[in-house]
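See the structures that follow.
One chain, chain A, appears in both complexes that follow, with chain B as partner in the first and chain C in the second.
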Partner chain A sequence: MVAKYVMLADTTRCINCKACEVACRAEWDTPMGFTRDWVKEVEYVNAKGLPEVQLFPGRCQHCDDPPCVEACPSGASWKREDGIVLVDHETCSGCELCVPACPYEARWLNPVTNTISKCTFCQPRIDKGLEPACVQTCVGHALIFGDANDPNSVVSQLLKEKEWQRLVTDEVNIGPNHYYFTDGKAIPQEVMPKRNEHYLAGTVIEKVLNPVAKLGLGGMVAVFALAGVKKLVDRRKQVGIQEGNHEQH
Partner chain B sequence: MSNTKQGASTKIKIRTKDVIAIHWFNAFFWLVLVISGFGIISGDFVRLVPTAWSSFMQNLVGGNANLALLHGIGGMVWAAVIAIYALLNARRVVLPFLKNVLVLTPMAALRDMWSMTVTLAHLFGLMKNTPVPPQGRYNGAQRLLGTMIIGCSLLIAMSGMYLFWGPKLLSFASNPLYGELFRWALVAHQAAVVLVLIGLVAHIYFAVVEERESLETMKSGYAEIAFIQHHNPLWYEELKRDGKV
Partner chain C sequence: MPLQSKDSTRNSRRAFLKSLAGSAALSTVAFIPDAQARLTHVPHSTETLKDYEEHWGFCDMCYWRCGLKVRSRDGKAFKIDGNPEHPLNRGVVCGKGNAGIQVAFAENRLKQPLERVGARGENKWRPMPWDEALDKVAQELTKVKDKYGSQALVMIGHGTWEKPYHRLAHAFGTPNTTSPVFGLCCGPRGVGSMLVTGRELSGNETIDLENCKYFLMMGRNVTESLHNGETLGWIDGVANGAKVVYVDPRYTITASKAHEWLAIRPLTDHAFLLAMIHVVIKERLYDQAFVAEYVSGLDELAARVEKYTPAWQESITSIPAEAVTRIAREMAKAAPSVMVYSPRRLTRSTNDLGTSMSMAILNALFGVWDRKGGIFKPQTITIPEIDLPPFPHAHVNRAEQHGDFDFSTTSFALDAEGKVQRADGAGVMGRWPLANAQYGLTNQMWLAMANQQPYPLKALLTAGGNGFHNSTNYDTIRQALMNMDFYVAADVIPNEMNSYADILLPEASYLERYDDLQIGGAREGFVALREAAMKPLHNTKGSWEICKELSKRLGLEAYFPHDTIEALLDDRLKKAGYSLAELKEKGIIKKSADDKANFPREFGLKSEFPTPSGKIELIPSTLKNLGADHALDWQEQARPTQQNQFHFTFGRIGFHTHARTQDNLWLHDFLSENVLWIHPEAAKALGIAHEDWVEVKDQKGRGGKIKAKVTPRIRPDTVFTVHGFGHWDERMNLAKDKGLSDSLLASDTIEQYIGTISMGTSIVTVSKA
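Let's look at the complex of A and B:
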């Protein structure tokens, strides 16, 4: 069976030490001011009236139905069979059509490569049998990575043992493969996905240009096919009349 | 030198070999570039053709990077050859062609649209009592299509150059305008191609079904004088005045 890679984040174990960010930035040599993963800190007042902080390690959620792949005009964004969403840097033009399409804000234009950067679950490492850099370095063991299709994997067992949540809403539910354990606490609105958006140019292509093109081309082909059929029918009638006249003579 | 074909005085030479060659060169490159171009666009939000086509084309040339490279090189060859031809033959071919084909005023556009409407209606046996207004070398539909193709071709060439060279030469991260321009160049490129394709359906139908003589002249360069007299009476008068028929 093909692997299905998932990331689990136990928010009760995260201490916001940022070791995951440091490891990721070192692994991928990301430019200053940019990172492929992050820890979002949400402060709120709990039911007892006391201040509380929740920590949410985040990155590309490697969704089952990734809108970034659908928005990419060149096919540079693609999804591997094992569920990992990747960017082919040779093909990526850096047009950023995929950036607002991601509801988790996990994509950015790399100023060094001029292509889109994002978490790849450290695909070269996992292809060698290693863990992603963030998982390997996580001091609180808050991050757990593995194959959910393997019943003996740690992630499969943890998924069965604990109650995990995903960052989905009624509006945005695109099958993220990143799970969160909050020990029963509700996930704050701040970390929920935004409704994915598109640049106006992308919307014009999707909503105006392509429907008009299909209608226009289809309509023209239909109209001239009909004209051709009519010409054929008229021609047959004409030949029939001519043959009738010939027989009378 | 006589314009009529030796031994066949019913025909007149209306196109030189180089004009015929550039027409078929243009047609061939359009075919190749449309086939490859629709193969490049992959994402479901922006793709016009079924995904099977993109996969087939990309697999055929070993990936989308290769397909985009070949499409870009093909596009530049297409644009360069036509531009060089136009420059070298500006007075003899291009300017007379533009003078005949370009629709530049709203009145001329309305006239040509009316002429096109009547021609199309006749195909379906409608407006039988309304004659098509007398035509010059090009009829209303041809002039409208020609003007659209010239405008769209310039847009396709310019937007295509930016789509190809922009990401290679500019740092999109340094100025958001570069990326914005790229996205709109994509819209312009695709829209211009679609417009031309819509027009080409009619162009090909008339050449292959309705007026096969036109296709013949685009192969041999010669046209039947009777055909010109019947379809293009204003042009026929012009040729008569010039002593060519």
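Let's look at the complex of A and C:
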């Protein structure tokens, strides 16, 4: 049977030590100012009036129905049979249409390669039988990776044993393959995915651009012209996201 | 939870897409997105993992020393992985450990020997060849020796590679070598345990974390002041069902994993612990069989803690009396699989010894020694030292068995043989006899240098470290450095302290060199290897090579008899029946964990407590002999008296180490400057809003500006900031002028029994800037 790769994050075991982020940066030589994975620290006061902190390690959720793949005009973004969402760097034009399509903000334009970068579940490593770099180094063993189609895998066992949640909302429910254990705590809103306001949503592409595209080259020009404007808007937004991720604790 | 749940919206959208894909007109328009079509029909190129080599190591980013497997490609180290065989980290590496790559590749690291040409601290340097630099160091040290005697040399080390410098200094003839680990950090913790039980937790926390059922965390922020193996073991223990009570003025990430957070008043842990002892004795909650066989002094202790009731402590600690009684009972139920967990750094109040002894006493009363879920007896591998000529001072043979944290040897640097005693008074009768003479009192050594007492100290050799930030009085450090006739610093990175050096020797980073063996004891005993993962990137040398070269010039080559450090390692290993070639196979040689050896009392075997009486001494005889047993008693501590005054606290965050990673590119990215935590009520009263700039000043008027983090995660009478910021050295291009230095605000009072520093007694005023 074909594998179905999933990532589990046991947030009760995460300590926000940033091992995952630095390991990823070292493994894939990520340029400064960008990251393929992150840990969000959310602090709030609970119903009893006491402070609480929750930690959410995150990355591309390798969704079953990835809008980034749908949004990609060149065919560079694709989903492998085992569920991993990848970018073919030989084909990627760096147009960035996929960037706002992702409600998890997992994609960005790599200024060095001028192609889109994102978490690949360390596809080159797992193809060699290694664990993803973030999982291998995770101090609390909070990240667990494996094949959910293999009933004997650790992830299959854990998925059965515990109540896992996914980062889905009424608005964004695209089959993420990243699971979170919070020991019953509700996941705070700020961690939840949001439909990007600048996103030329799949529906727009389907209902507007695709029919236009049928008309021929004019449509293609329109798509790329829009992409150019968006690039500027989203670049600015991206900077905002980066800064937001680096808030002080 | 079902994996394949798909809502109807998505199904309908997919159906819509499919219908589009199916239309004939579409197939000619390549860019139209369709995930399904692309998944199965379009060939894509995928990345493949490039080849690499692996080299063994142990980490230098903090002092826990995790085992490493460093990956190199094209002759350059690029990724640090954990050695899965190493018991101190079981294959994981934290963010700091992963960022070690940036120590080696930092643009601003020290790249060639330098001679100071401007004023001290001015950072004007002249590059010089190695031979010239080493000749000059030997000449200047000899000059000081001829004029003042060899004891005028002070050597301060703070790194996993400091050992050859200690040896060189000892051979040179000075007793004055010191490491901050004792006087500025863990000293009181080890001394308290040694006095009561004759044993301690070694540097590697010999706690059976996975099987422990109750953690009473006395300010031990184990997830942020993290040591991978310890942190992982603790997380496993919590996952296995251990209850966690977290006692700290601040709600840390560790607090977020606890069942209960007790926001204790700073400096009052001792009062809380005394009341715990009171309840445990009063209600006979202690392990009676264990106490009968192994413990002395219970009646005397009972009389002494009679007045320390839970109600009494409430007025001091602000922890409800009820909580103390309940926790004592809960722990007794779970005993011996319980732990009163000491903070790592216990240099806080003016009576850290009392605090430390109280924790040792409670653990003893719960009978945790040599039991599952309690404290285990580590396995050890004995690797003899190389054959060396005798040293002029007897106490300098550093403990090799438990890493750098073995406080078990209490050999005093007495003057019986007419030898000069340590200038810092560590282990010296009439001064600080309880302080460990091997590690010394770094805080007292700085004072001795600043005051030139009790005798002239005129030359300084430092191996890593940064006195300005790891001690708490800039004036003392600056005066001490200015008093030196000659100061030579060896380091990898620039910092404020080494900017005062006359000669600056650039060290190879820990990824570019061999070092002496790492020998440690956990459930498994082990000896581990650090080998070079790449050739030095710059004109640098490892500490052994530097010291070997200096020894030749000082006529001390007999102390560095090997031609290469590899030969030294092989020599040491062969004395124990191993070899360097064998160690290179897995980077580590281990003696397996053994339940019988680790937990002898689970098997009807006896525990051993090497105190003077051979028993656990609840009222330590050593203290009685020194007339210092009142250290057991509660002593009042500083308290803020006005609305704008606060206890000043500082601590660690998971992705910075001490004051030396703020300039690390990959870690700076996560936190470039520290902020001041202040409670919303306190902030409101002072008109301070979140992210406002505030002014913080201590009682001497020292301080500066910092941004406020208004958060309920701290007591209203306490402020906190992350340690290690506020650098001013212009060579630290990322960290310079970022944040406020806690070292400027923390106190430099003295623990009255051991002589270690007390950093927590500072009361600061806060106002809107």
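Everything below uses one rule, namely that the second predicted complex is superposed on the first by the 196 of 249 C-alpha atoms of A that agree within 3 Å, B and C clash if a C-alpha of one lies under 4 Å from a C-alpha of the other, contacts with A are read in each partner's own complex, and residues count from 1 in each chain.
Note that in this section a residue touches a chain if its C-beta (ideal position, glycine included) is under 8 Å from a C-beta of that chain, and two chains touch if they have at least 3 such contacts.
Given the structure is predicted, the values throughout are model-derived calculations rather than measurements.
When the shared chain is aligned, chain B comes close enough to touch A:109, but chain C does not.
Of the two partner chains placed by superposition, A:190 touches none, neither chain B nor chain C.
Of the two partner chains, neither chain B nor chain C is touched by A:150. Of the two partner chains, chain C is the only one that A:128 touches; chain B does not reach it. Using the contact criterion defined above for the overlaid structures, shared-chain residue A:75 touches chain B and also reaches chain C. Legend: residue contacts after superposition of the two complexes on their common chain; A:90 is shown touching both chain B and chain C.
Comparing chain B with chain C, more residues of chain A are touched by C.
Residues 69-77, 88, 90-91, 202, 205-206, 210, 213-214, 220 of chain A lie at the contact with chain B in one complex and at the contact with chain C in the other.
For chain A in complex with chain C, the touching residues are 4, 6, 12-13, 15-19, 21-23, 25-27, 29, 32, 43, 45, 50-55, 64-66, 69-81, 86, 88-91, 120, 123-125, 127-128, 130, 133, 136-141, 148, 159, 163-164, 173-175, 179, 202-203, 205-206, 210, 213-214, 219-220, 223, 246, 248-249. Only residues 40-48, 54, 58, 63-65, 68, 123-125, 163, 166-167, 171-174, 179-180, 182-184, 186-187, 190-191, 194, 197-198, 201-202, 205, 209-210 of chain B touch chain A when the two sit together in their complex.
Put simply, chain A touches chain B in their complex at residues 67, 69-77, 88, 90-91, 93-97, 101, 109-111, 114, 198-199, 201-202, 204-206, 209-210, 212-214, 216-217, 220-221, 224, 226-228, 230-231, 234. By the touch criterion stated above, chain C contacts chain A in their complex at residues 1, 3, 6-7, 9-10, 13-14, 16-17, 20, 25-26, 29-35, 38-40, 42, 44-49, 78-82, 91-99, 101, 223-224, 226, 228, 231-232, 235-236, 238-239, 251, 253, 255-257, 261, 653-655, 665-667, 669-671, 673-675, 707, 709, 711-713.
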